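You will see chain A twice below: alongside chain B first, and alongside chain C after that.
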Partner chain A sequence: MLAFLPEVVLLATALVIFLLDVVGERRLEVLGGIAVAGLLASLALVLADLGFAPLAALRTLPAADVDLIPATSALFAFTSLGLAFEAIFLTAALLVALASLSRPSGEKGAAVFFGLLLIATLGMTTAAIAADLIFLLLAVEVVGISTYLLVGYPRRDPRGLEAAMKFYIVGALSTALSFFGASLLFGAYGSTNLVILSQATGSVGYPALALAGYALLIAGLGFKLTIVPFHAWAVDVYDGAPTDVSAFLAGGSKKVGLVAFFLLFIGPVSLIVVRPVACVGGVCPTAFDFAPTLQLALGILAVLTMTVGNVLALLQREMKRMLAYSSISQAGYMLLGIAVGTAPALAGATFQVLAHVFMKSGAFLVVAGVAGLGVGPLIEDWRGLGQRRPVLATAFALMLLSLAGIPLTVGFLSKFVLFSAAVNAQGYFVWLAVAGVLNSALSVFYYARVLKVMYVDPSPAEIPAPPALPFGGIGYGRAAAIALVVIAIVALGVDPQPVLGPLQSAANHFVLTGP
Partner chain B sequence: MFPIISLTLATLLVGTLLTFVAGARARWVALATSIVFLFEASAMLLGFTGLPQFGSGGTGFAESESYAWIHLGWLTINYSVGLDGISLVLVLLTAFLQLATVIYSWEESRRPGAWFGLVLLTCLGCLGVFVALDILLFFLFWEAVLVPMFFLIAYWGGPRRRYAAMKFFVYTHVASVVMLVALFAMAFYSGAASFDFPDLYAATHGLAATTQVFLALALFFGFGVKFPIVPFHTWLPDAHVEAPTGGSVLLAGLLLKLGGYGLIRWVVELLPQGISLIAPLLFVIAMVSIVWGSVLSLSQRDLKRMVAYSSINHMGIVLLAIAVHSPVGLMAAVLLMFAHGIVSGLLFMVSGSVHHTYGTRDIPSVGGITSRTPMLATMIMVGSLASLGLPALISFPAEFTALLATWDRLAYWVVVPLVILVVTAAFYLWMMQRLLFGPAKGGPEVVHDLPWYEGAGMAILVALTVLYGILPALLVNVIVQSPVSGPFP
Partner chain C sequence: MSAIPPVDFLALSAILLGIGLFGILTRRNFILLLISIEIAMNAAILNFVVFAAYSGTGGGIGGQAAAVVLVGLAATEVAVGLAIVLALNRVRGSINVAEATTLRQ
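And now, the complex of A and B:
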C-alpha cells in the first residue's frame, strides 16, 4: 500500500499533533511547524507520483498503475487528474497552515486547528482518488465533519459557534441527500461503482429512478460546492468562521464538491460528447438517455451560480461577505467546465480550481492579516491602505485583479482557457461562454471598488497601532504564504504551460478511462 | 533576426516598473524611456523595407517573432508579434504621443511616480495591441490598457471622475469580453491551426458567409465601443471631460485608435465576406456618428467637451473609410487615425492649458487670448486649423483620401460628410474668433503664457502636424505595405 503514502503521511502527522497536545506540547509554532512539514512531505510525494522530474526519487506509485480503467469492484483508482487535485488540495492546506503560524501565539486550540486541517485535507485527497460512490461520499463526509469543527474551534467566539452550527445542520442535510441519491442509483443500476454508473445513464435499470438519484446528488454535493440555489449557508459560514479557516473553506475544502462532480458527472456527460457510446455487459444504450438533460441542467446551474454570486457580491459592504459571494460565482465557472464536459473544459476547470486556490485563499489570508492590524470588517475600513501598507495592498490588489480576470494574472488565463474550451465545444456551449465572460465583466466592479477604496480614498484619521509581529504585524508565516500566492499568480499568469500542459494530458486520460 | 519588437515591449515594461518606484525622479525615468522608445520606433521604421510574401511559409509581417506559449493540443497559442505598414504607423503615433504627454505633464506634482508609470503603462498596452499577432497577446494588451486608464481618470480626474472612470470601464470591458468570445469562435469554427494571425488568415476566409456575418457583427460591437460609435459613445465625453489632460491625450490619441486598428486587423483582414455583407450597417452607423458627433460638438460651450465630441465625428469618418473596404479607403482610415491622434492630442493639450491659464474652459467667458498669451493662441490656431482640415496640415490628406474612397463606393452620399466638414470648420472658426480675438476677458488679471514644458509637448505635435501635412507620402508609403491597404490601384 505504498501508493497511499501521501495519505498515510497526513494521517500520521495529524496523530502526532494530537498526541503532542495530550502530552502538553501546545505551542502554536511547534504544532504548526509539524503540520507544515507533514503537508510539504505529502505534497512532495504526490508531485513525485505525478511524474515531477526533480522528485522522481520519491515516487511510490509506478507510472504503469496510473490512469488505468478501474475494475468494477475497485474502491479507488489513481488517475493523474485525481493526483493533480490532491496536489491542489495540499497546496491550499499548506498556504493556510503556513499563514496560521502567525496567529496570535497565546491562542488556544492550536492542536485542534492544525490536526483538523490535516484530517480535512486527508478527506479531500482521498475523495480525489475515489472510484466508488460510497467511498467518495465517505471521504466527503470526513471533510465535512472536520471542517464543522474547524469553524467552531475558537470555543469562546459566539459568531464562530453559530457559523459552525449552521454549517453542521446544512452539511448533515446535504449528506442525507447525497446518500439518498446514492441509494437510488444503487437501486437503478445495482452498483455504486463510478465506472458502471458513468456508462449506464439511462441504458439499463430504471432510468427515472437514476435521474432522481442524480438530481439528489446534484443537490447534496451542490451544497458542498456552493451552487445556487444551495449556496445560502456559505456566506454566513465564511463570514463567521475564523478568517484563516474561511481561507481553507473557500479556497480548499469546497472544491471537494467539485471533485465529486467530476467523478460523478464527467462520465455521463462526456459519454455523449467524447466517448463512443459503450455497451456494458452486452446491454447497449436505449432510447431514453438522460445524459443531455443532465448536461443542460448543469449548464443552467453554472450560469445561475455565477450570476447570482456576482450580483449579490456587488451589494456587499463587508469584505468577507463580498469574497464569499465571489467564491460562489467562481464555483459557477468551475461547474461550467463540467457542463461542457470535454477534456479541454476539464483541464480549464481544473486550472481554474488551482487559480482559485491561490486567489481566494490568498485574499482571505490577507483579510485575516489586515484584521490583525485593527482594520474593521467593512470594505470602507480599508480606506487608504494603499498608502499605509503599500506592499500588502499591492498583494491584495493583485489577488483581486486575478479574481477579476485581468491579464498577466493566473485568473485571466484560467478563464481564458475555460471559456475558449466552451467555445471549442461549439453548440450551445458558446452561449455558456458568453454568459461566463459577461459575468466576468460584471465581477470587475466589486473588485474595482475595493481597489478604489484602497488607493483613491484617503486614510481614516486614526490608525490603530499594529501588533508586535514581524513584517509590520503580519508575521513571518503569513508573509511567506502571501508571497507564495503572489509569485504563483504572476508566474502562472505569464507562463502557465508547465502546469497547464500536464493538467491537459491528465484530463485527456480522465475522459478516456473514467474515474 | 534582431527581436526589435520584443525589445521595445521590454523597454517600456522595464521603464514602467522603474517609473513606479522612482518617486520624485519618475519624470526623468519616463522621459528616458520615451526617448528610447522613439529611437526603437524609428529603428523599426528605418529597417522596414516592405513585407515578406504572405502565405507560402512567409508570415506576411516584418520583424515577426513567434515563440511557443501554451500548447494543449486543442489550443495552440504562441507569443507572436510582427509589423506591417498599418501597425508601424500606429507604433510611431504611440511613441510620439507618449513623449509629448510625458513632457506636457512634466510638473505633475500629485504622486508623480504613479502618474508617469500609468502613462507609460497605457502606452505599453497600446503598443502591444498594435504589434500583437495572436489572440491571447492581443487581448492581454487590449485589457491591460483599461486598468491604467481607469486609475488615471479615477485619481487625477475632475469632480465627477469616479462616475466617469466606472462608465469608461463598464462600456469598454463589456465590449471587449464579447469580442473575446467572437475571437475564440473565429478560431475554433474556422479550424485554424493556432491562435496566430497568419494561421487564422489561412483558415477564416473559408468560413461560411453567415458565420462570417455573425462573427463580424460581434467583433464590430467589441471594437466599435472603443471607436466610439453611436449609440455606444456616451462614455467618451464623460471620460474626456473628467480625465486629466494627459489622460485625455492618450484616450483620444491612442485608445480610440485601438478600435479602428482592431477592426482593420481582426475583421477586415480576416472576415472579408462578413465585412462586405455588414457594410451597409457600418455606413449607416458611420454617417450617424459623423452627423451626431458634429451636432453635439456644435452645441458645447466647454472647449474640452467640444473637442471630445468632434472625436466622435472624426472617428465616424474613419469607420466610413474602413467600411468602404477598398485599398484606398483603408489607407485613408489609417492615415486619418494617425492624423486624429496627433491633432486631437494637441487640442486636448490646448484645452488643458486654457484651463490652467484662464481657470475655465467655457468658450464664451474667455477672450483675447492672442494678445495675452500669444504662444497658447498659436497652438489653439494650429490645432483648430488642423482639425478642420486645412491643406498642408496633417488632417487634410487623410480626410481628402477618405472622402475620395467614399465617393468610389457611395457616390453622392459623400455629400453628408462633406457638408458636415464645412459646418465643423465654421464652428472651429467661430470658436477661435471668440477665444483668440476681441477684448481680453475672463481669467486672472495677470496671465502667464505657456510654461516651457506645456509648450514643448505641444510643439512636438505641431511639428508633426506640419511635417506630415506637407509630406503625407512619408506615412502613405509605409501604410500601403500591408496585405489590405495597398498597393494603390
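And now, the complex of A and C:
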C-alpha cells in the first residue's frame, strides 16, 4: 500500500500534532510548522506520482498503475485527474496553513486548527481517488465532519459557533440525502461500484429508482458545492467562520463536491460523456439513457448558480459576504464543465478549480490579514487602502481582477478554456457558454467597486496601529502565502501550458478509463 | 422474510426520510434536530439492509457492510453535533436554533 503514502503522511502528521497537544506542546509556530511540512511532503509525493520529473525519485505509484479501468470490486482507483485534484487540494491546504502561521500566537486551539485542517485535506485527497460510491461519500463525510469543527474551533466566539451550527445542520441534511440516494442506486443495480453504476444506465435494474437516487445525490452533493438552490448556508458560514477557515472552505473543501460529481457522472462508460465506441465491456447503450436528462439538469443548475451568485454579490456591503456569493457563482462555472462533459470541458473545469483555489483562498487570506490591521468588515472600510498599503492592495486587486476574468490572469484563461469547450460541444451548450460570458461581465461590476473604494476613496481619518508583526502587521507566513498566490495568478495567466497541458491529457485519460 | 414484500420496507424508509427532513426543517431545538437527522440517516441504513436482504446470494454483502459503516458514521455525526451544542450552550445559554441570528444582518 505504498501508493497511499501521501494520505499516510497527512494522517501521521495530524496524529503527531494531536499528540504534541496532549503532551503540552501548544505553540502555534511549532504545530503550524509541522503541518506545513507534512503538507509539503504529501504534495511532493503526489507531484512525483503525477510524473513531475524533478521529483521522480519520490515516486511510489508506478506509472503502469495509473489510469487503468478499475475492477468492479475496486474501492479506489488512481487516475491522473484524481491525482491532479489531490495536488490542487494540497495546494489549497498549504496556502491556508502557511498563512495561519501568522495568526495571533497566544491563540488557543492551534492543534485543533492544524490537525483538523490535515484531516479534512486527507478526506479531500481520498475522495479524489474513489471508485466506489460509499467510499466516496465517506471521504466527503470526513471532510464535512472536520470542517464543521474547524468553523467552530474558537470555542468562545458566538459568531463562529453559530456558523458551525448552521454548517452542521445543512451538512447533516446533505449527508442523509446523499446516502439515501446511494441506497436507491444500490437497490436499482445491486452494487455501489462507480464502474458498474455508470455501465448500468440502460434498461437493466430499476431505472425509476436509479433516477430518484441520482436526483437525491445531486441535491446532497450540491449542498457541498454550494449549487443554487442549495447555497443559502454558504454565505452565513463563510461570514461567521474565522476568515482563514473561510479561505479553506471556499477555496478548498467545497471542491470535494465537484470531485464527487466528476466521479459520479463522467467516466469510461459514463452517464454523460458521448462514448467513443458504441459498446464498452460488452455493455451497450440502450434506449433508456439518463445522459440527456442529467446533462440538461446540471446545465440549468450551472446557469442558475452563476447568475444568482453574481446578482446577490452585487448587493452585498460586507467584504466576506461579497466574496462568498462570488464563490457560489464560480461553482456555477465549474458545474458547467460537468454538464458539457467532454474531455476539454473537464480540463477547463479542473483548471478553473485550480485558479479558484489561488484567487479565492488568496482573497480570503488577504481579508484575514487586513482585518488584523484593524479594518472593519464592510467594503467601505477598505477605503484608501491603495494609498496606505500599496503592495497589499495591489495583490488583492490582482486577485479580484483574476476572479473577474481580466486577460493576463489565470482567471481569464480558465474561463476561456471552459467556455470554448462548451462552444465546441455545440447544441444548447453554446447558450451555456453565452450565459457564462454574460455572467463574467456582470461580475466585473462588484469587483470594480472594491477597486474604486481602495484606490479612489480617501483614507479614514483615524487608522489603528498595526500589530507588531513583520511586513507591517501581516506576518511572514501570510505574506509568503499571498506572494505565492500572486506569482501563481500571473505565471499561469501568462503561460498556462505547463499545468494546462497535463490537465488536458489527464482529462482525456479520465474520459476513457475511469473510474 | 419473503412474506413481506420489499415495497413495504421501501415505503417505510421513505416515510422515515420524510419525517427526518420535516424535523430538520421545522424543529427549533437543536437536540430534536439531532434526533431528526438520526431518523433521516436511519432511512438510508434501512434501505441498504433491505436491498441486501432481497438481492439474493452474494450481492448482499456490500449492502450489509454499507449499513454497518453508516451506523458508525451516524454516531460520529451526532457526537460532533453534541460538541457544537455544548459549546453553543456555554457561550449563549440557549440551544434554540431560531435565536441564532447574529449572522445574516
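We adopt the following convention: the second predicted complex is superposed on the first by the 496 of 515 C-alpha atoms of A that agree within 3 Å, B and C clash if a C-alpha of one lies under 4 Å from a C-alpha of the other, contacts with A are read in each partner's own complex, and residues count from 1 in each chain.
One rule holds for everything that comes next: a contact is a pair of C-beta atoms (placed from the backbone, for glycine too) under 8 Å apart; a residue touches a chain by one contact, two chains touch by 3 or more.
Nothing here was measured: the structure is a model prediction, and the numbers come from that model.
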| item | value |
| --- | --- |
| Clash-or-fit label for the pair chain B, chain C on chain A | fit |
| Contacts of A:150 with chain B and chain C, given as first, second, both or neither | neither |
| Partner chain(s) touched by A:412 [first = chain B, second = chain C, both, neither] | first |
| First (chain B), second (chain C), both or neither touched by A:455 | first |
| Following superposition on chain A: angle at chain A, chain B versus chain C, Cα, nearest 10° | 140 |
| Chain B versus chain C as contact partner of A:159, first or second or both or neither | second |
| Minimum C-alpha spacing, chains overlaid - chain B and chain C, in Å | 28 |
| Interfacial residue positions of chain C with respect to chain A in the complex | 10, 13, 17, 20-21, 24, 30, 33, 37, 40-41, 43-45, 47-48, 50-51, 55, 59, 62-63, 66, 69-70, 73, 76-77, 80-81, 83-85, 87-88, 90-92, 97, 100, 102-104 |
| Chain A residues within the chain B interface of the complex | 343-344, 347, 401, 406-408, 412-413, 416-417, 419-421, 423-424, 426, 430, 433-434, 437-438, 440-441, 444-445, 448, 452, 455-456, 495-497, 500-501, 504, 508 |
| Of all residues in chain A, those that touch chain C in their complex | 134, 138, 141, 145, 148-149, 152, 155-159, 161-166, 168-169, 172-173, 175-177, 179-180, 182-184, 186-187, 190-192, 235-236, 239-240 |
| Chain A contact footprint on chain B (complex, rising order) | 68-75, 136, 139-141, 143-144, 147, 150-151, 154-155, 162, 166, 169-170, 173-174, 177-178, 180-181, 184-185, 187-189 |
